[in-house]
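Both complexes shown next keep chain A, but they swap its partner, so chain B is in the first and chain C is in the second.
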Partner chain A sequence: MSTIFDYEFMRNAFYACTIVGIVSGAVGYFLVLRGQTFAGHALSHVGFPGATGAGLIGLSPFLGLTVFTVAAGIGIGLLGERAHRDVAIGIVLTLSLGLGLLFLHFYTAFASQATNVLFGNVLGISLRTVIVLAVLAVAILVALVLIARPLLFASLQPELAEARGVPITLVSTLFMVLVAVATSEAVQIVGVLLVFALMVAPAATALRLTSGVGAGVLTSIALAVVIAWISLTLAFLTDWPTSFWITALGAAAYVVSGLVRRPSGAPEA
Partner chain B sequence: MNAIEFDKVTLTYGGRRVLSDVSFSIPQGAFVGLLGANGAGKTTMLRAILGLIKPAGGAISVLGKAPTRGNAAIGYMPQARRALGDVGISGLDFVLSAAGGHRWGWPVASAAEKEAAWKALEEVGAGDLARRPLGELSGGERQRILIAQSLIGNPQLLLLDEPLISLDAGHQRAIIDLVHEIGERLGIAVLFCSHEINPLLRAVDRVLYLGKGKAAIGSVDEVISGPVLSKLYGTHINVVRVAGRIFVMADDVELESRAHVHDL
Partner chain C sequence: MRSLPFLAALLVAVPLLTGTAARAEDKPTIVAAENFYGDLARQIGGSNVTVTSILSSPDDDPHLFETSPSTARTIADAKIVIYNGADYDPWMDKLLSASTSKDRTTIIAADLIGKKSGDNPHLWYDPATLPAIAKALSADLAKRDPANAVHYEANLKAFQTSLEAIDKEIAEVKKTYAGTEVTATEPVFGYMAEALGLKMLNYDFQVALMNDAEPSATQVAAFENSLKDGSAKILFYNSQVTDEATTRLLDIAKQNKVTVIGVTETEPAGKTIQTWFGGQIDEVQKALAARTQ
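Here is the complex of A and B:
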């Protein structure tokens, strides 16, 4: 244990996990509250061909990933309720993975990266990437604070919010852009396929344990960061993948919170 | 001044004509039941009053003015679309989200907003529910929180869209009595949307019944009659009164209860 911070890649991994944990916990709270967890899943899948396509034409996969997720986020935000269509979503997601696969096929030198994009590689993060993650994280958090109030209203009572003059399409589209950038950040840690583990599991757990927005967001952030830290440590000790530990601990937290529930009184009939 | 006036109003929804050439007025302080089958245009009418859709013809006046979106003088409770059972938000925070929810920034409530929220919660007798998460409340308790939220901003008119849905008979009575009492105490008009006339009989001053693009308004006895409803349904309707309850029948099929089951 005393040697864990002696390695630069471990230090970078801890920085990255802290940054991404904060962002995922905060954005994920509103995502779960809105009942839009599918979006986190969908955006990361759509980002996959962005990452592999960018690699194919010599650009940064992270840039390609972010451009694709943001474009998809704007699409989902503008479509609103119409985006909630099982079959259409399923087809778009599989098409995205298929396209990503095609790009990998053409650019075989990048193929070794495929597992990293799909399942994450937190131990391979450079200090430069950490800085990019931090800058984007600050931007996401500032924007989230600015839209939080109408976002909360529109999430809980969309029709009333609309009647009271809240620009609900604008608010939900702005939020989807934040989800898209947060998803791209989370992909750096857990990969395209496992974004749910960081974006949704801590937030859903926090929503079960709290009854206020402030406490909920802070609990969600704390859970995401602590889960990521413990996972890194366990990965260091066991040599098992960090992403596995994040999914396992996220699932465990969610299950345990279902048993504990909120500290307040029991439900009435 | 009338709370609501419709003058030869035509409303469309998705290209379909929902109301055509409908005129009526609702005086301030009246408790009006808004009835009609699924798709008869109840929610569309509420959205027009809220200024969310423009009439294709005619003029609407709400509290003496043309409808405008964001009219704080209207309290509105939308039909519950989503089970709020998994929402880890307290009743107080839920009501507060409507107070100043149109402003940008982090949702920190001002002292005045907190006071307004507590006042609304006390108005519906839900002060003791305020700290509990919505997910732990019963259906009837949750409806009271939703009504409290509609009272934020001291409305002069209440529009309630299906507050009785998925409540048992006892809770339905409690909600109707509560809304009736609030309307009288505040001296404001209430438009109460429902599938069924029977739960409303104890409270309504008049009913507004929609069907086939037309509307009929008046006392229960005037509107809930064979000839009037036959026109609104476009088929022969029998109205049977038994033991203080009203049954609306077409070809021996009870219409209202069927509509209710269908919707659930």
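Here is the complex of A and C:
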């Protein structure tokens, strides 16, 4: 008799999804609160030129992907609180994809080694990777806790925060760097759709269901983790892709939460 | 939460759905990443092994979708795993690392014939590849299942003999037509064209297409010129993957009386390695013979 947890790859997938769920739930809460969903989407895609460019000059695609994503995060953060933020992100995103194509143009060999880092696979995670992921998650969560207070102030009342001397550009740039590190590493391990889905829907749902920030973050984390667990189980049973289930359950949770009356005083999603 | 009892019910249902498959017999289970390596495994292992192939068409490229849990499960349960390597099937490395096993053998084509990342990954078209895999597989099966070792050795002999016939055909083409210029939309047939002594034009165009980069204007122009000025005698294309740009090149080739030959990346249904390769080499031979008459 074999069950879902008899398979090492399923156990590792549960560990990895739990870790990614916790980080995505927490980071995603602030991302959605600040209305920067599109920035998160862009950051999960700008690693492409980093990976291909690094491969071209003989460096590790992993390194290139991380460096490029962090640089884009800093760029988006510095453009920060100005108007037309979406336009700036759109330009950074398309320029990145264009650069990626240019780098591929200069390849005289087969580039699959470089482009493969863009395709994480939740069912192909070793225990060693789970440990790397856990260490990274702790680092990101610690950093998030450290900037949480000024970040919240800057997000909810930017004028007042600026008047009180909160370094708004610095705080928002640091936050974007966190998002960049979180997405670039998680994309390589569990795949782009899965990361992004866990970052947006649970956070948006939590923002609808809760008032306080603490309760909101915890709800967002809990939703992300539970959605990931149910999705892995459903994927195992149906043989349908895990990412499909995560996006479907995330969307369902968001729709259902809209039917529930919003508690008064909740921050705007 | 209402979903919790549902989740619990699912977890209970899992063993019912998965427990009965496999392990009924003690046959060595072999998983091949691509169907031609699966065909090879069947020819060497015969009825003493169970073989599963993961990819039977390039459209199954796991890049384009997520590997399914059933695929991961098949690999977790396998005793012998055969795959291409050279970054043609990098998902295999990941799936294997997620299911550690002490008594599993992995046979990687690229390692056996000394190819690495960045080389043309269509290694099975290199006449050295399949015999090397067959030898490694037969030796491993003999070690696992000594009672049937004679069968595996006999099957290896038969396989080698059948490939020698193909090698003879290759040598004949090479003797008569070495140096003939040909071209291709994709580098799928590259190693075989090299073995046949044919000179492959527009290699950089093929690399660009494989890398999903757009071929540059000069590359496209050079390609069209090689078809129009009669330098390319044959245009090979991947008949399993055609798009608008390929169709355009095929039309130009036909207008300029360049022979067009479709080759396939994976083994077509109903064929064996021998009939598949043999058929393609026959086609090349006929095309070249017709042109020189």
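Observations on the model:
Here is the rule we go by: the second predicted complex is superposed on the first by the 196 of 269 C-alpha atoms of A that agree within 3 Å, B and C clash if a C-alpha of one lies under 4 Å from a C-alpha of the other, contacts with A are read in each partner's own complex, and residues count from 1 in each chain.
Keep this in mind: a residue touches a chain if its C-beta (ideal position, glycine included) is under 8 Å from a C-beta of that chain, and two chains touch if they have at least 3 such contacts.
Bear in mind the structure is a predicted one, so any value in this text is a computation, not a measurement.
Judged by the touch definition given at the top, the superposed model places A:D239 against chain C, while chain B stays out of reach. By the touch criterion defined above, A:L209 reaches chain B but does not reach chain C.
Once the two complexes are laid over each other on the shared chain, residue contacts for A:L104 go to chain C alone; chain B is not touched. Contact with chain C, but none with chain B, is seen for A:Q113 once the two complexes are overlaid on the shared chain.
In the superposition on chain A, A:L160 makes contact with chain B only, while chain C stays out of contact range.
In the superposed model, A:I131 makes contact with neither chain B nor chain C.
By the touch criterion stated above, A:L123 is placed in contact with chain C alone, chain B being left untouched.
Shared interface residues of chain A (contacting chain B in one complex, chain C in the other): none. If you check the complex, the residues on chain B that touch chain A are 50-52, 69-70, 72, 74, 76-79, 81-82, 84, 86-90, 93-94, 97-98, 100-107, 131-133, 136-138, 141, 149-150. Against chain C, the residues of chain A that register as touching in their complex are 1-4, 7-10, 12-13, 101, 104-105, 107-113, 115-116, 119, 121-129, 191, 226, 229-230, 233-237, 239-243.
Residue ranges on chain A touching chain B, taken from their complex, read 33, 35, 145-150, 152-154, 156-166, 206-213, 216, 262, 264-269.
If you check the complex, the residues on chain C that touch chain A are 1, 3, 7, 10-11, 13-15, 17-19, 62-63, 65-73, 76, 86-88, 90-91, 93-95, 97-100, 117-121, 204, 207-208, 210-214, 216.
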